[in-house]
């Protein structure tokens, strides 16, 4: 090695040095331990403290988990088995209650022979979500759809679905896989139809109801096309009014008449049969599906430069965000009937869904507002300069981008809302957590069982919410990468 | 490069304020069909504001702006008409990142002009070829270089087949290597006789294609002249100062 | 008009408890059973001809009266106490009493307490929003004692608290206490104190103002009670309808007079009501009687002829 | 300024209501206004008709009627003879108590967990991740029920403390008893009681409390003054005098003197009859709710804190190190002031959530405003419309005041930019 | 431009690893007081890492680094001493956005050197004048242009009156117009005789002020020479390649 002195010798290296290995104490497990657990006195103390916590938790709960009983008909029997197997005074978990009542936790009081219907509805939900949530990568979409298809069909067979329905489900699912390979955007049509299909499958009854609901927008669209040539304003107004008139005045009778001509009915299931995770997911999904458009409208209104519109949006959003959901649920169960014309009553689940929708719409509006604000001004200006009007600019330029940015926020709103569906217990609905567990405990054989139902329900919630939050984090990272 | 007698843009006595700040003062400007005008001036002198008034991205508060025979008032129909006659290219391109290049170009023809998709795509390809990037049609803007993006932005404006094109510093956000390709495209456009108003500091470009250079300062048109005269023989002190700054740099 | 609504709907909306064993609770398949539930069935049978045409609306202590007044349910059969203010201010009409109850206390035997008077300073578990809450406050005040309430919001919660020893005493209607105690693994370790601190007449309620509907429910209940008095059971009813010479029985079962027409129903309404789940005695025995795990004695709820308070008004 | 008027060439035409930008937004707003008013009128009209049909009225008179029920935990004196209004006030205070305690504890837990999650210590970071994910992804109601269940199932009943060989014993020098009903803690007694100030409505404040409050506030001000003085010295001479002992002195000595003067001492709870008396019995409902809210909200705050610290770029601390600042100083002078700007707004909205979530008190029988006004009172009087409107109003006022505070803060600390 | 014989920085046989990746290999380097050294080299060659080792923003694993007579070990006192002798300017300025320009400059003198505030402010103003932005003292960094920010960063370092200044690509995050103002400031500094190590690709700057150019590749010093020789007559193949790339551009 030469002495490198500026004033004297210029230095040129002739042979490059190869990379050497780091000193031993810098490598291997020893280093890992030293760096990650014992890199200083404070860290050592923390490590010991952490170890202590882990040991405490494990030592207190391990035997309880280890002594699990899966087969028993009552708590007493469970305890007996535990005492016999692990000795008198041993503690143990009695998962037998889950084994015996799992169907209630999942399906509530839904008729057993119709379990396949919610299952199928849930499976199709993933198809409906595919073009929205899984649009990021073909690979993910493929995996999700294939797994959904296999699971759904298998469960439907296991639950004894009629052959015709199996064929129907298979066609839809396999069709979705094929379509999503080529034209994922086409699946959006299914996403739009899905709410009606879902409602029909869950509640049953005549298919003509949903079909007639669908006819409304179709009529509106026809009117819009016909009048579009005359004046776009009139066309828009008429296109909005026609469906309303149709729904209010004609749809009911039309559905009844059509049903009497050609019956498309499947067995109806009343709302009071909904419970458990079926109820949670129904409320959650319905809430999110309806709160998204409402949230968009509110967000746009809040960003509008029209004073009155903006003020109304702010009042609504701040009001909803200022009161607890449970108070709104009580409004749904106690007050909503005051606000409607005398004599109207409607389904408590529907009322709860309305309130949950309003609630999450306010949060959704804030999330979407963030997405809108993140959009550079230039996008609006470019749209203006091209001659797009307000609504076209929103629909074609602004919202597609803003919604994509907001997906993580939307998902976390949904997680929050899904967790909050447990609160419906306070208005007498059978949520999986409290009401269902109380109902199970009300039976003589399972009186006194406490932890197992909670842990089970908590675990399921964790699983669903954790997967969703991880997925949205993945999306967020992807978006960050793409925007660079 | 023929300039007709027809008036494309007629601005009279136009004033604009931002709050209490008087950005544009008594602007009078007539642009003939086929004219190519370069607007120069120091930062903050109101150049952008002026051309943004022409397609009503900004509202003027007094005076008249008549574009292609249509007066810009608060009437939405007029505004829409003017906007579909006037194309605009921004400094930061403002392409729509969620749409492919082709979709960027067909969006407005389809939704504003109600052109059938097939036809819109054909037109778009034609203009993409003109700006020399037909092979990028299926890509997303994020996958292109700055120069390519700006050329897409030009093609997107052209797809609406505007009678007038406005450029707001189209090359100032670009790396030096890319400036040339955009300027070439613009020169080509100019040669075809497009009416153009261009805010730019590229004096080479001004000398090559402009019929007229307008110099603005403090919201006013300080000097206008044909390019040769303007550069070699500026009249006002401000213009001289300005030219010494940007050319000497 | 409730009757017309129910008939048009083809279904009776009946408000019940969210889960009180013996009175109203869904089983593992979601089928509702219980003492209150059988009232719903009887009314549905009388009005619609089919005891299965009932939609059970589970109501909490909070939501029950609103559910009725808002029209969400046609009939509230949810062990609710008949009180003055509820009958007047809350705009309900209680149409009778299907169970005479009273509020009591349950304590652990090893506490060594034998009378409610000894509960000074105790912690008492109580369901919120019930009359028991008010009775409890009044009782301790009247006896110059103090207590610490533990407010819980469902019966299941209350049992849990009591079993874990989080309260010294659990108070609710005596029938509920018996039902709760019966379901314990060790009923012998718990006693129900002798004091009954209030009158708790439990009965079905309907909306104020629709008298005809009130009549229908009221007389359906009486029909069940009267049936027991006259020995009409679900087994012998067909036979009695043909053979009984008792004019009251004949009127009740629609053999002679058409009482049903006076309340907007047909002749056989009472017969169907009784057939739904039997007469009052049968219902009692099947759901909460001594043969069931709940094991309530008839006590005050015996027929008047047996020294109880069950007294059906004459069918004439 | 000069003429801002519109060119006079366009006289008003009705079609301008739709096609003129200025008028169009007015037209639209007028239509929206009419629709909203119609909706409001419809709702109000329906309500009036419904109330009439039920023979009810809209009347808050019930608030002055006798409540008739008891409340386990009353921060102000309350008996069943008091009015529903007072019961509601007790509920409101209970809501405030659990919310404030919860916010404080959740902040502490959240900061610790958030910082620990960034720790280089692998074990600690993993443990905190597990904690955060577990609490964020499971409904709050479940945590409340589980914490409550742990208290009722695991803690001993009071009579386990009784007898020759009690199975349970008090902790902290026989001052605190953890039972499955409440946590019995000592109260403060005074040998030299100065009496108390009557605020009316049977609410009293002990003069001693006031004295302590005054002394503490004065101590705090004095501390600030010492700080300012030290700063002055530093500005003048460059070195900062050590002041911690002075600060400690002004903060504690007067209070210690007061304790001595009033003869303040602890009165430990004693087991008498069924329960502990003499001390203060903090209901398990409150403790469970508080703990669950703390842990749940803490998990969210941990994420906020973590994000806030990560938002301050590494370059900032490197720049500070390169200037020769020590890590502690760097944290105080450079990292924290920047992280706080990012942390505070979402933190406040977590406070808001916590306050609203405290309405789940209903699940553990803790009588907050939802339990009194929106629960028992509503139920006993049948005034659901009035009670719920009033309750929502209370929550709204709480939320709005919290977010008003947030906006003020935000406006103050916003980074200045071009 | 006098270079004394005193040694300011002496690095011997220094090695550094990131995990198993050998970033710096057997570095030997002696810097004399008053020397101005420019470090060049392809991306990832370890230039930043080298100068960050000098004020211990990175830890070296073997060999010795002696700065101003103080050896850098794990001794915190030594590190503190070295850091207050060595100023550093980063590529991304790293100004403290929550403090005004003046506060940015006085923070370290007040808290590290325990200078009275008045005096610290006076010094700060002196250096702000030197970098020609005294009028911005009351503004926040976010309100300044990039060039101004970098000059504040330089002033902030100077306020600690360091004996040695390290620059890590100080101009590479700047717009072309602003590069000049920063380079001017640095040249002025150099003329005052400050010992400087500067990672930069501004070859004009290197030729103007450096005593020595060091070329690094793959964590090693490949060539060093005085600037004229270095640019006109590079010895190693790698240097030639590198120079052809950056100069031919």
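Chains here go by letter, A, B, C, D and E, matching the order in which they are written, and residues are numbered from 1 within each.
Quick note on the criterion: contacts are C-beta pairs under 8 Å (C-beta built on N, C-alpha and C of every residue); 3 or more make two chains touch, one makes a residue touch a chain.
Quick caveat: nothing in here was measured; it's all calculated off a predicted structure.
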Please give the intersection of the contact partners of chain A with those of chain B. D
Taking contact as defined at the start, I'd like the list of chains shared as neighbours by chain A and chain E. D
Chain separated most widely from chain C, comparing mean CA positions: E
Grab the C-alpha centre of each chain and report whichever is closest to the global C-alpha centre. A
What pair of chains has the most C-beta pairs in contact? A-D
Once you find the CA centre of chain B and the CA centre of chain C, what distance in Å lies between them? 83
Express in whole angstrom the distance between the two chain centres, defined as the mean CA positions of chain D and chain E. 50
Report the inter-chain centroid distance for chain A and chain D in whole angstrom, where each centroid is the mean of the CA atoms. 30
Chain C and chain E, separation of their C-alpha mean positions in angstrom: 88
Contacts with 2+ other chains: residues of chain C: 62, 66, 153, 157, 160
Note the residues in chain D that touch 2 or more other chains, in rising order. 149, 153, 362-363, 378, 384
On the basis of the stated criterion, which chains touch which? Give every pair. A-B, A-C, A-D, A-E, B-D, C-D, D-E
Name, in rising order, each residue of chain D that touches chain A in their complex. 18, 25, 28-29, 32-33, 36, 43, 46-47, 49-51, 53, 116, 119-124, 127, 133-134, 136-142, 145-146, 149, 153, 352, 356-357, 359-360, 362-363, 370, 374, 378, 384-385, 388, 391-392, 395-396, 398-400, 403
Within the complex, chain A is touched by chain B residues 55, 57, 76, 80, 83-84, 86-88, 90, 92-98, 107-108, 111-112, 142, 156-157, 160
Flag every residue of chain A that touches chain E in the complex, lowest number first. 1-7, 10-13, 16-17, 19-23, 26-27
Given the complex, residues on chain D that touch chain E span 234-240, 313, 315-316, 318-326, 329, 333-334, 337-338, 341, 415-418
Which residues of chain B touch chain D in their complex? 15, 17, 20, 22, 61-64, 71, 73-77, 79
